[in-house]
Every structure is written in structure tokens, then in C-alpha cells.
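Following are the structures in question.
What follows is chain A paired twice: with chain B in the first complex and chain C in the second.
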Partner chain A sequence: MGVSRRGFTAASAAGGVLAASGLMRVSDAIAQGITPRRGGTLTTMLTPEPPILQIGVNNQGPTLIAASKIFQGLVKFSPTLEPLPELAQSWTISPDGKVYTFKLQPNVKFHDGTPMTADDVVFSVTKFHFELAPRARAIFSMIESAAAPDPHTVVFTLKQAFEPFLLMFDVTACAIVSKAAFDGRDYRQAPSVQHPIGTGPFRFAEWQRGNFIRLERFADYWKPNQPYLDAIIFRIVPDSQSRRLAMETGQTVLAHSNDIEPFDVPTLQAIPNLAVETKGWEYFSPLAWMEINHRAAPLNDVRVRRAISQAIDRSFITQRLWFGINKPATSPVASTTRFHDPAVKLPPYDPRAAMQLLDAAGLRPNAQGVRASIKHLVLPYGEVWARLGEYLRQSMRAVGIDLVLEATDAGSWARRIGAWEYETSINFVYQFGDPTLGVERTYVSSNIQKVTFTNTGGYANPKVDELFATARTSAAPAARAAAFSEVQKLLVDDVAQVWLMEMSFPTIYDRKLHNVITGGTGVNASFDDMFLAS
Partner chain B sequence: MDPSRLPAFLLRRGIKAAIVILAIIVSNFFLIHAAPGDPASVMAGQSGAADERYLAQLRTQFGLDKPLLEQLWIYVRGMLALDLGYSHRQQMGVAALIWQRLPPTLLLTGVAFALAISGGVTLGALAARRVGTWADSVITVIALTFYATPIFWVGLMLVLLFSVVLGWLPSFGMNSVGADLHGIAAVLDVGRHLILPALTLGLFYVAVYARLTRATMLEVADQDFVKTARAKGVPEGRILRRHVLRNALLPVITLAGIQAGQLIGGSILVETVFAWPGIGRLAFEALLARDYPVLLGVFFCTSAMVVIFNLFTDLLYAMVDPRVEVQG
Partner chain C sequence: MTEFWIRFARNRGAVVGLVILVLVAAMAVLAPVLFPRSPWDMAGAPFMPPGEMGMLLGSDSLGRDVAAGIAHGARISLMVGAVSTVASLGIGVSLGAIAGYAGGWVDDALMRFTEFFQTIPSFILAVLLVAIFSPSITSIVGAIAIVSWPPVARVVRAEFLSLRGREFVQAAECLGKSRLAIIIGDILPNALSPIVVLASLMVASAILLESALSFLGLGDPNLMTWGFLIGSGRSVIRLAWWMSVFPGVAIFLTVLALNLVGEGLSDALNPRLARGRA
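Presenting the complex of A and B:
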């Protein structure tokens, strides 16, 4: 018997290949003169898996992304949040700002073959979303009457002028559903909840839970020759490293939202056939802040809040934790929103000033150098948020505040924020393109409720209440802008929350894919113009 | 074992099992409700906007507005009628949800289990037979390596090698979606997807069984009846199979029985890394979403499986080793 020698080859990770070729170049099909190609399947991902795909019954982020291909709204938004025609061909607004008249596209069919008419629109607005969705309910309660004078005309008369009204009519806020499928039923348990029926370019085909959701081309879509793709497949991949590998190996060609952890973005950016885009979140513009419970001492002292704010290096957070995907916040109103005041500035990063403020507030360091101990409920939304918690602990320690991190899961976090059982935490909230829709709720005293995403911090300032009310009821944009400018200054002076950053999410896609991000809601578009170049 | 005693044995064990499962259901119910947060607050947190009316609507619909004991009674009453309940979050019956996710898990864990037992016992026997030689050392070192390596790391390394570097196998999922495969092609497709997760899950247990088999075989090999057999001139191969291995199998069966009971729970880690649509992930996601009926349903299935496999293991003992008596 001879001795056989075996050579062991170590499989190295070939890590050196990832050279830095990090230039972003958005492929713009029109500029390159590429004509759209019919056919092909888009394979992408969805994280986490949504419980159901019926907008209204469930309005989670992943639900909206998948269902925005199945359903449509009356309008969609440009990157600067101008409303553009979708199911509404055109619209007029009366001079007093109270009457909105929408002309609907003719020849729009639901996936079950029935025509979409003005009745469906009235039902969707005044019944379906009004009943199901808190956000829609708050706005649509201002509608005094809704009428359908003919099958292609809808008239909404408001009780008072409401300038941001049109911002409530895209698919994510008010998807048009079939009246026949829901009227007279329990909306949440209607059969079409499991098999959604919309007017969108793709119809629901198959859902193997935990595995994938498949949508297929709707042949009777109202735009001729569209959509270009034959099908969209959303794979459910729960592990972020597996998702990164799926993009590296080309098993999926589009990653979006939370799919890829920020620290993995530079790796994917270095792959030549992948493009990275951070646009497409203008409508939502999540603004992240360190959530302050104003009831908990010493956080009820504005000097302590300002000290906390000045102890945080926001550019470290956005550059080192989010790798440039996010921008430092400068105001309670995101810069993508039209009433953002660029003159408003947060006090600068200055640990020394922070310590002077803490001294002035009477918080002297003890023998261990600790001035105060504050609890911090870490946001349980993934690793990068845990890292943010660790960074905050370090930066608070540098000015003598002992930040005690508390770990939790999503269910406990939502309950504790809703029940005011926290001292500090992290929160991020969508802005929805207008401060009245997305900002007001966090700061007005009338919205101090034991419910998540209300004014859970308990901040109250009568002047702020008054300014938000003025902005809400004014029909003139100039008057609204003036009120919002003043309210931004007041909120910054009061350090109502410790704003950290304007968030975006990376959309990463194969360069064969065209028209990925075309508007202010990004991957929540219908994808009827998306195509795969050969 | 006396076959005439079997029915009485099964009856006694069946009654015990029913009581155990009922106790598990009740304690699970209280355990789950002790976790902070409820499905309504989770959904409010996820949808980014909420008001009091929304929360109240959801709680009424989910039946959470009733007193806890009444909720328990409704649940137990349903379970006695073999109704696993309804997930209001997913608007589907729990039985249907579990039924969708059970076959992939059984496939994955079943294959991994078969691989672990056959590979582990073979390697262990081989090592014991060649004890002290280079073959024994190689097997022991490999077994120890897989035993000591975290399971997700093995998975990621396998993916890196076979999916990223070599490009031979898919890195996640259970099938090629949209490829429209039928018959044997569809089976092969699932097989290709199955290799990496089954290997990852199986390698750990291969190591466990190999080490256990080797150790017990060496222990048995020193005993007097083996020496007697050898003195009688029984061939070495026959001694190993009939005298050593058969006696060394009892601990292996014990371990296999415990592992088989856990099969249905799957491996959340492997299912997560490989995006395998199994029941372990269903349970984990239900926990995060506080989807009580789904979670209780999965717990019920896993506990029933453990009870059944314990019974099965006891019967198997008696078959392998006639000295073992089954007792109720």
C-alpha cells in the first residue's frame, strides 16, 4: 500500500479583489438612448416578509414596496414631490383651496377585469382607508363631501382649505381599491386581502411564505405596451449577509430599503456591474433623532438636552456608521421638504460647551467623573442601530453622562415608547413631504398620547402649538412658510428632540436594470417603465 | 419484549402524553403573554402611524380585549377540537401557515439527520476499528473541528466556497422561482438548493455521532464478551458488527431520539442563513411580531413531536437490546 499525499488547498476569501472603484453613475436610459426592451423577470428581495399585501389593512414598509406594483394612487410624485398624473389624468383646485376635482384615466381595469370608476375612488378615500389607516383618517376627516358626477370625475369638497391635500393621494397613502371587493364586508377579512386586486401593472400570482412572492405582468394594464417586465419576484432572505451574497453573485439584481446593511454598501459599490443610489426617499425622508422623554429628570432641563445635542458628532455617525448614505440633520424639518428652513442650524458639536451647560444645570461630576446616569432604549432594528447606541454611550461618557443601554425587541420597543416607559431612545419618523403631515404630530401638545409615533416625549410649548395650527389652516404657501420657519427656530431653541440625521436607504441594482428610481417615492413606484436591457 | 403488553403500554403513555401536552399549551400561553408588547402595538410600530382607535380596533379583532383567562379558555377549547386558531396578523389559519412551512423543515432536517447518523456512525466505527492509527487521528480531528465550529460560520464558508468562488450551488432559497420546472427537473432543483443547508446542519451532528460512536465502541471493545468472542475465533469484522457496534448503539439511539424530537423545530440559524422557508423561522418571526396563535401552534407541534419520538425511542431500545423492558 503506497502512501498517498494529499495537498490541502485553503479556500481564501479572495478579499483583495474589491478595489475602490466607488464612482456612482446612475444609468439613465433616456440619456443613453436605450429603447425599453419587453420581457425578463426582475428578481429582488423583501425584508422583512410582510404579513399581507393589502395596502390599508397593512401599511408596513415592505408591504408598500410589493403592493405598489399591484395598486396605484391618483397621483405619483416627482423627485421634488410635485404631484404627477397616475390614475388621475388631471385635477383642478378651486381658488379658495376647498374643492379638488380629479379627472380619472379612462380604460383603467382592475385585475379581475372590472373597470375602475369614480365610485371606487370615493369608496377608497372615504370608506376604506378612512376606516383602516390612522394617517388617512386624520386627513380625510377634513372632507366635507365626496361626489362622483360621472364615472371619470371625482370631486372632494373640504371643510377648510388644506394645502398639502394632494400629498395624500399616492399609492402609499391612498391606494385605489375595488369597491366591489370590499363594500359591505369586514375589510380586514375580505377574500381579496389574501389575493389583492388592484389596477397596477403587475398582478398578484403566487406567495410561498418564507420563500418568495411572485407578481406577473397584467396584460390589460391601462398604459399601452407596458409594463416591460414579465414578472417581479421578491425573494425572502432573512439574513443580511445572505442578501449581500445574493447581490454579489447576481442571484438578485435589486436590493433596496433595509436589505443591505450600511457597512456592506462600500463592498457592493466596488462591484463594476452594480450601481448604488440613495435618491428615492424624498417623500418619506425619515428623520432620526434621539428620542427624549421630557418627563424624566434631568432631561426636562433644556440645558441638559442642549448639552446632549452638542456632545454628539453627527458627521461621525453619518460617515462612519452609515457610510455617507445619511446626512446630518440641521432642523426638525428634513431638507427634502419644501418648508425646510436652511437658515436654521443646530448648535455645533462641542463637548466642552456641553460640559459647561451641564455644570450650569448643576450636574457636577462625582468621583468617577459621572454627572448623571440616563437610560437609553436601543432601537432593535438591526446591527447599525446597535452600533449607534454604542457610539452615543461613548460620546455621552466623554461629557460625563453615563448612558445605560437597554436591549429590547421590536414588540417591547413599540410598547415602551407608546407607554412613555423610557428616558431616551432612538426614533425615526417619516415626513411625508410636508411638516403638517409628518412633523407636527411629534411636537404639538394636543397629540401627547400613549401611542407610538405621537408626541410621546411630552414636549409642550403653546407658541409651537399655535404656529403649527396656523400652518395647517393657511391656504397661502407664503403664510405657511413663515409659520414653519418660526416653529423650526423655536423647536431648535427648546431642543424638543435631539435630531441626528436625515435618512435615506441605498438602492443597489444591476446596471442592466433601467428606470429604477424615477420619483420621490423610489422603489414604491409601480415599475411599469422599468426594463432589463439585454 | 412481550408483544401482549404493548397495547396497555401505548395507552398509558398516550394518556401521559396528552396531559404533558396540555400542560405545555397552558404554560406556553402564559409565557407568551408575559412578554412585553402585543400584536397591536407591534403593528402600530411597523406602520409608522397610529391612533387610539386603530389600537382598539386591532385589540378587539385579535380578541385581546378579553380577560386573559377567557382568552386561555377560548384557546384550549379550540385546541381540544384540534383547531389551532387564526392569525389575524396574516389573515390566515394557523394550521395552513404551519402546514406550508413544515415540509421544507422536515426535508432539510430529515436529510441532515440521515446524513448525520449514517456518516457519524460509519466514521465513528472506522475510527474505533483503526484506533491509534492516522485514520483515527484524521477522523477525530475533523469531527472535533466541526463540533467546535459555530454552525452559521460553517454555513457562510460553504456558501463562500461553493456559491461565490466556484459558483456551483445557489446560496439561498429552496427552489429556482419562476423557472417553471416540473417533474424530475423540479426535484433536482430542490436537491441543488438542499445540499449546502443540509450539509451545514448535518456536519455538526456527524461530528457528534462520530465522537459518541467511537467512544462507546472502544468502551465495549474492552469487555469480557468481546474477548471471549475473539478467543472463540470469531472473525474480526463480525465481532465489530454483532458484538461491539450493536452494544455501542444504545447511547447513539438515545441521542438520535432527542435530536429527532427537535427536527420539527428545525434550525433557525440554518434556515435564516440559507433563506430556507421552514418552521423555525416562522416561529422566530411570530415571536418578534407577537403573533400569539402562530407561536402557540408551532410550540404545540414541536412538543407533540418530542413526545412521539420519546415513545418511539423507547420502543426502539427494546428492539435493539432485548434486555431493556418497556415501562409505562
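Presenting the complex of A and C:
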């Protein structure tokens, strides 16, 4: 959703709502049919500096962005989350949804020259990621058996059908590692953790801590004549204003994720040779909501929760605080996640209706016009989030709710959310493409735990539990879609959380750089088709 | 008293400072009249330059009136300055008086304790205290008071040391007055002039400290202050310079005024020093 420069500045100057018109095509380069050019170095940034580049040992955002050039998954994903071949040439799924058979690409070599075979895939799935990553373990524990009938075939038999299984084979969830490098060793201490070895188009070359990470072209890459770039340099620039300057002066030609603050985007958008893109987060689809603790009165009353939801102008938040990078939420399932039901709508912004709901809930204004006082733990992720807290306080004040802001630091925030010590806060989580993978955890009663990013709000509805269970075990996409539609309606009716916005992050790049955002994982792609036009 | 004012008025800067200070205080008192709505309310479109949509100093990223923020912020900034100064005077004067009057090991112990606080960089200690006790107006006032009392204690101690041996103190002792009565009734009034001058400067530094804390996001999130205004405007300074410039001017003028007044007070209270300078 790149917003055209002229449309953007005109709209901000007029103070009007930023229209979604004037969007640009994902990659004009492909449309214009420019022939890829070999050579050149991509200089980009990485914020903050990752501790290590071995996926599995560390799965944080910056690690994934750099290591996704070194490693690859069996599949990759289109913007609509269709699986596309990567290390797997093709795959078949048995009619009962239990047996997944992958045919691997021939001639794939690791950076140390050894061939990649089915054994490496089985090891990566059933041992490496299973033991290192909790998210992988939760899904891969459903595998009953993993077999390698020949060096280029892998067969996974599941204990039960699990339709979103393929989503776990992106490089960010399950990068294929070399069995020889890790088997029999402590995975976290193996030598290749410091010098990662993958099958990707770029291999690890140099890392000057606090300065830069350099990856260089892997000559034996399995796609002929690719990659086009000679090297990728990730500069570590800790200060956001220096990063903005680096983009303005052309010292770096690509900024992504959290590199550029939302309020700096309009400045960069005004520079003719830079393009701004907000696509490329469909696989992750972070959804932000006002986290409600259902245990705290009066928030246990659905009328109060609906009143809160109707008192918030979501388009103001997305346009004024996030400069059009985020979109208003319409459902608990982001519009870019599978099984989003476009028919589901949140109740509209209507402060008057909100006040009527509060009246009906028995919350009458006192002499100061205050109906209720509710605490709000501000998300300590920087100043845009602080502004959001202030906006919410004023929105609540307009309908008679006194929202008292509590400031905190990141560690205390996570602890207090995990310990249920809050009334309201802000939270956002990745949805990982499928409601079973990234939405279920927030709403099912079996996941009410004293752990951050579980159902910390304490929402419980047996019907919702049942529908999520049906969707989880059902092999047929149609049956899952029906269950998820029902779930979305129920959650919206119950106002299980006050959903605010579908988040994205701006990818800003020099227009001579082509094929920057091509898939649903954006800058987490391998960059084997990226090139610098002369 | 008139003599005091004449001496004070001889310092032109001090008069200017006093005028500014009175204006700022008037703005603080009249804020609810001038801007009846909450300074947090969105009064118009965001990022409006000064003068647009009836907002004299423009609007910020949420469409809040910067002028309303400055007026209401004056209340908090002045209140924080005054309350934390009173609190630190309370600590500093009592410790300094005890140390100076008692002398001996009591003096030694109290001064080592004071030095302990003086060796820690005061701003870092304030940040630490506010972060530990979570940002709120009480923790901020408390933190400012805790980091700013040591100079008071030292000044008061020095005054007490020199006054302690004077004849009028000995006379009071011979009359059988209690120690407390001597400290409060006899010595303290004579030590007051440096304390008054110091206090006026401490108000200025307390306002600066509070602004710096708010700027770093360690302010009370429910209170509008000048530091908060600058902090929230800093990131969009290229888009809306007025968001940080005007509150900055407010802080600058207030702190300058307090310093000028402090100097005027010093001249008025120590006529001989002032004449020497002139």
C-alpha cells in the first residue's frame, strides 16, 4: 500500500483524511519489464543489531531479516499467502490431510559445498527447530513420523489433519539447516552458529559488531545466474534520525521494519528517488488492540467494552499517528490473514451510541461528568504509542470514562500483562497467516495463562473454544472458513478485545532497486531476484 | 522594606525578571479561564501552523492547542518548581542547621552523608529514582527534592558555623533558651539571605529538571508540562517546529527570569556585595 507522494502531502496539508487512492503497484519494475542487471552491492540497515544470525537459536525480527538471505525454507509465500516453491520443488497432501510429501529441488548446495538432502530437512524439522523454537515445537509435535524415502523426497505423516501445516515451512519459521553441522552437538554452541551455513543466495562473510554485517554472493546457488547482487551490507545505525539521514543522503538504499519512525515517513516520501511500500507483512499481519482485562469491573460488562470500542476513531489513529502506514482493524482476524471474513464489521465510531451504552450499563456521570475510572498501561514502545495512550484518554473522556495512564518500561509491561496486573493496555501480536496459528491463542479459555501473549485478558466463551477447536482439527478449508467466520462474529459481538488497527511497517527504497517486496514476507525474502538498475 | 525594594530595583535585570515571572504566574493562574478546555483535548486539525484555526501557537500531532498546553503546563512546571524547592529546603536547612550548630562528630557524619549525594550525578540519580518509583507527580517532586538538597545543607552549615560563635547566640544560650529555639529563632533568621537567593535559583533548576525528565518520557503521563510538549514535538520538528519551539521559549524565559530575580535578591539582601560589584 504505497501511498503516492503527491496524494500524501496534499492530504496532510489539507488536514483531511488520507485517501487510500493513488496506490502504486507492488513492483513497477516487473511491470516495466526491466532486465535484471548483475552486480552491485545493496547497502541497507538492521535495527537493532541481532545477537546472532542462526535462525532457530534466535528468531527475533532483525535476525530473521538478515538470516533469510543465508537460509531458505521449503516454501515461500505470495502476498495472498499462497505457498510457492522454494527448496521444495513441489508437494502433495493426502486427501485426509495427514500426509505431506515434499519433492526437493535437485542440486541444492550448502555454503560449505555439501549437498542438501532430505536428511537435512528431516533433521531441521524434527530435531533442530523442534528443540529450539517453542512455536515450531507446538506445531511439529503433531508429526507422527518423518521419512526420507530418497534423497529428494520428504514425507511427514501427522497424527491428525492440520490444514495450516504448510505455513510453518517459510524460512522465518523453519529454515533448513545442515545436519552435518549440528547433529550430535549442542545446537546453541555449534561452530556454525557463529558462522551460519545455509542454502540461500548469500553467504555470511563478515560481521563487525556494532558496525555492519556483510553477506556475499554464493556462486553455487541453485538458481542459475542468481542472485544478481554481489553483496549485501547491513549497517547497524542505532539512532533513528541518523537512519533517516542515511536514506536521505543515499548512504543506504533500503530501510525496513522499524528503521524509520512513522513520523519521518512523510519527509522521505517527499524525496523523488525514494519509494515507500507498506506491503510485505501479510504473513505476519500484526494486529493491535486495546487489551481488556475481563476480570476488572466495569470491563466485564460487554456494553462497557462496546462503548469503549465505539468511542475510538480508528481512522484518526491510523492517519494521524501512523501516517497511513496502518489500517483500521475490522475484525479480530487481520484482512491479510487467511479466513478473514470481510462481512464482519466492528461497531462504527459513534460517541453518542457509546454514551447510551454506558447509561444502559448503569454508569451515570457524576458531577465532574465522569462515569467510571479505568487504568491504562501505556505500551512503552516509543513515543507514537505514548501518543496513542493520550488519544485514547481523550476519546474516553469524551464519553465520560476517565482513563488514567500508567507509564512503565518494556520489562515491567511484559511482566504486568503476564501477571494480569492491568485493567487496559495495548497489545499486538503476529497472526502468522492463519487464525489457528496466531489468533486462537488470544481467545480460547484453555490458553488463559500467566504468560505474556496468551489469553491474558481472561476472555472465555465455550462456543468460541469449540469453534477454534473445529477449525484446528478440520482438514477442509471450507469447514475451517465457516468456523472462523462464526468465531469472528462471536468475538466482535462479545467485544473480546477492542481491536484497533492492522499494522504494517514502511519499506523505503531507492527506485533503482528492483524486486524489493515480492511476497507475503516482504524483506524476509531471500533477495535472490533483487537487482540494482544502473 | 522600601529600602530593600529600592536596592532590588537598582538591578534592572531583576525587575525585568520579576515582570516576566509575574506574567508567567498570571498565565498559570488564569489558564482555566483563558483555555477552559483540557489541554489534552483535540482543538482542531493536527499540525496547524501558528495562527491557524484560532490556535495562536499552532497545534500538535493530535490537534491539541500548543498555547493551551503552555498555559496549563505553566501550572505544573511552577508547582513542581515550588514544591520540590520547599521540600529540598526542608531537608537541606534542617541537616545543615544541625550539622553547623552541633559540630563535632554530628557535623562529620552529616557532611559525609551530604557528600555521598553530591558525588552522584544529580540528573542520573533523578532519572533512576523516577524510573524505580514509576513516573508520577509525587515521585518526580520527590526525586527533584532528593537530588537538590545537598548545596542547601552546605550553605546553611557554613552560615551556622560562622554565626554559632557570635555574641547574640552566646547571649541566648546564657538566657537558657533551648537549642531548637536558638536555631530557629536566633540563627536561622540571620542566615536567611543566602537561603532565599539559593531557593530562587533552585526553583529554576527544578523546572529544568522536571522538563528534562518529561522530555525523556519520564513525566507524569496524566499531566501537561513544558518538557512533555518539547519531548513530543522533538521528533516532528521538521514538520511542526512550533510544537517544540514555543514551550522551549517558555522554559527559557521562566528560568532566565528566576535567575535574574535571584541575582536581584542577592543584591538587595547583601547591599555591601552589590555596591562592591557596581
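Criterion: the second predicted complex is superposed on the first by the 507 of 534 C-alpha atoms of A that agree within 3 Å, B and C clash if a C-alpha of one lies under 4 Å from a C-alpha of the other, contacts with A are read in each partner's own complex, and residues count from 1 in each chain.
We take it that a residue touches a chain if its C-beta (ideal position, glycine included) is under 8 Å from a C-beta of that chain, and two chains touch if they have at least 3 such contacts.
Note that this is a predicted model, so its numbers are computed, not measured.
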Which superposed partner A:65 touches (first chain B, second chain C, both, neither): neither
Partner chain in contact with A:134 - chain B first, chain C second, else both or neither: first
First, second, both or neither for A:508, with chain B first and chain C second: neither
Partner chain in contact with A:409 - chain B first, chain C second, else both or neither: both
Partner chain in contact with A:233 - chain B first, chain C second, else both or neither: first
Dominant toucher of chain A (residue count), chain B or chain C: B
Touching partner for A:361 - first (chain B), second (chain C), both, neither: neither
First, second, both or neither for A:397, with chain B first and chain C second: second
Overlap of the chain B and chain C footprints on chain A, listed as residue numbers: 409
In the complex, chain C residues that touch chain A: 38, 40-42, 45-48, 61-63, 131, 134-135, 217-222, 231-232, 235-236, 238-239
Touching residues (chain side chain A, partner chain C) in the complex: 12, 15, 261, 263-264, 266-267, 320-321, 378, 383, 386-387, 389-391, 393-394, 397, 404-409
Complex interface listing, chain B residues touching chain A: 35-38, 41-55, 61, 88-92, 97, 100-101, 104, 156-157, 159-161, 163-165, 167, 170-175, 177-178, 271-278, 281-282, 285, 288-290
Chain B-facing residues of chain A, complex: 11, 13-14, 41, 43, 48-49, 51-52, 57-61, 133-135, 137-138, 188-189, 193-194, 208-212, 214, 231, 233, 235-239, 241-242, 245-246, 248-249, 251, 409-418, 429-430, 441, 449, 451-454
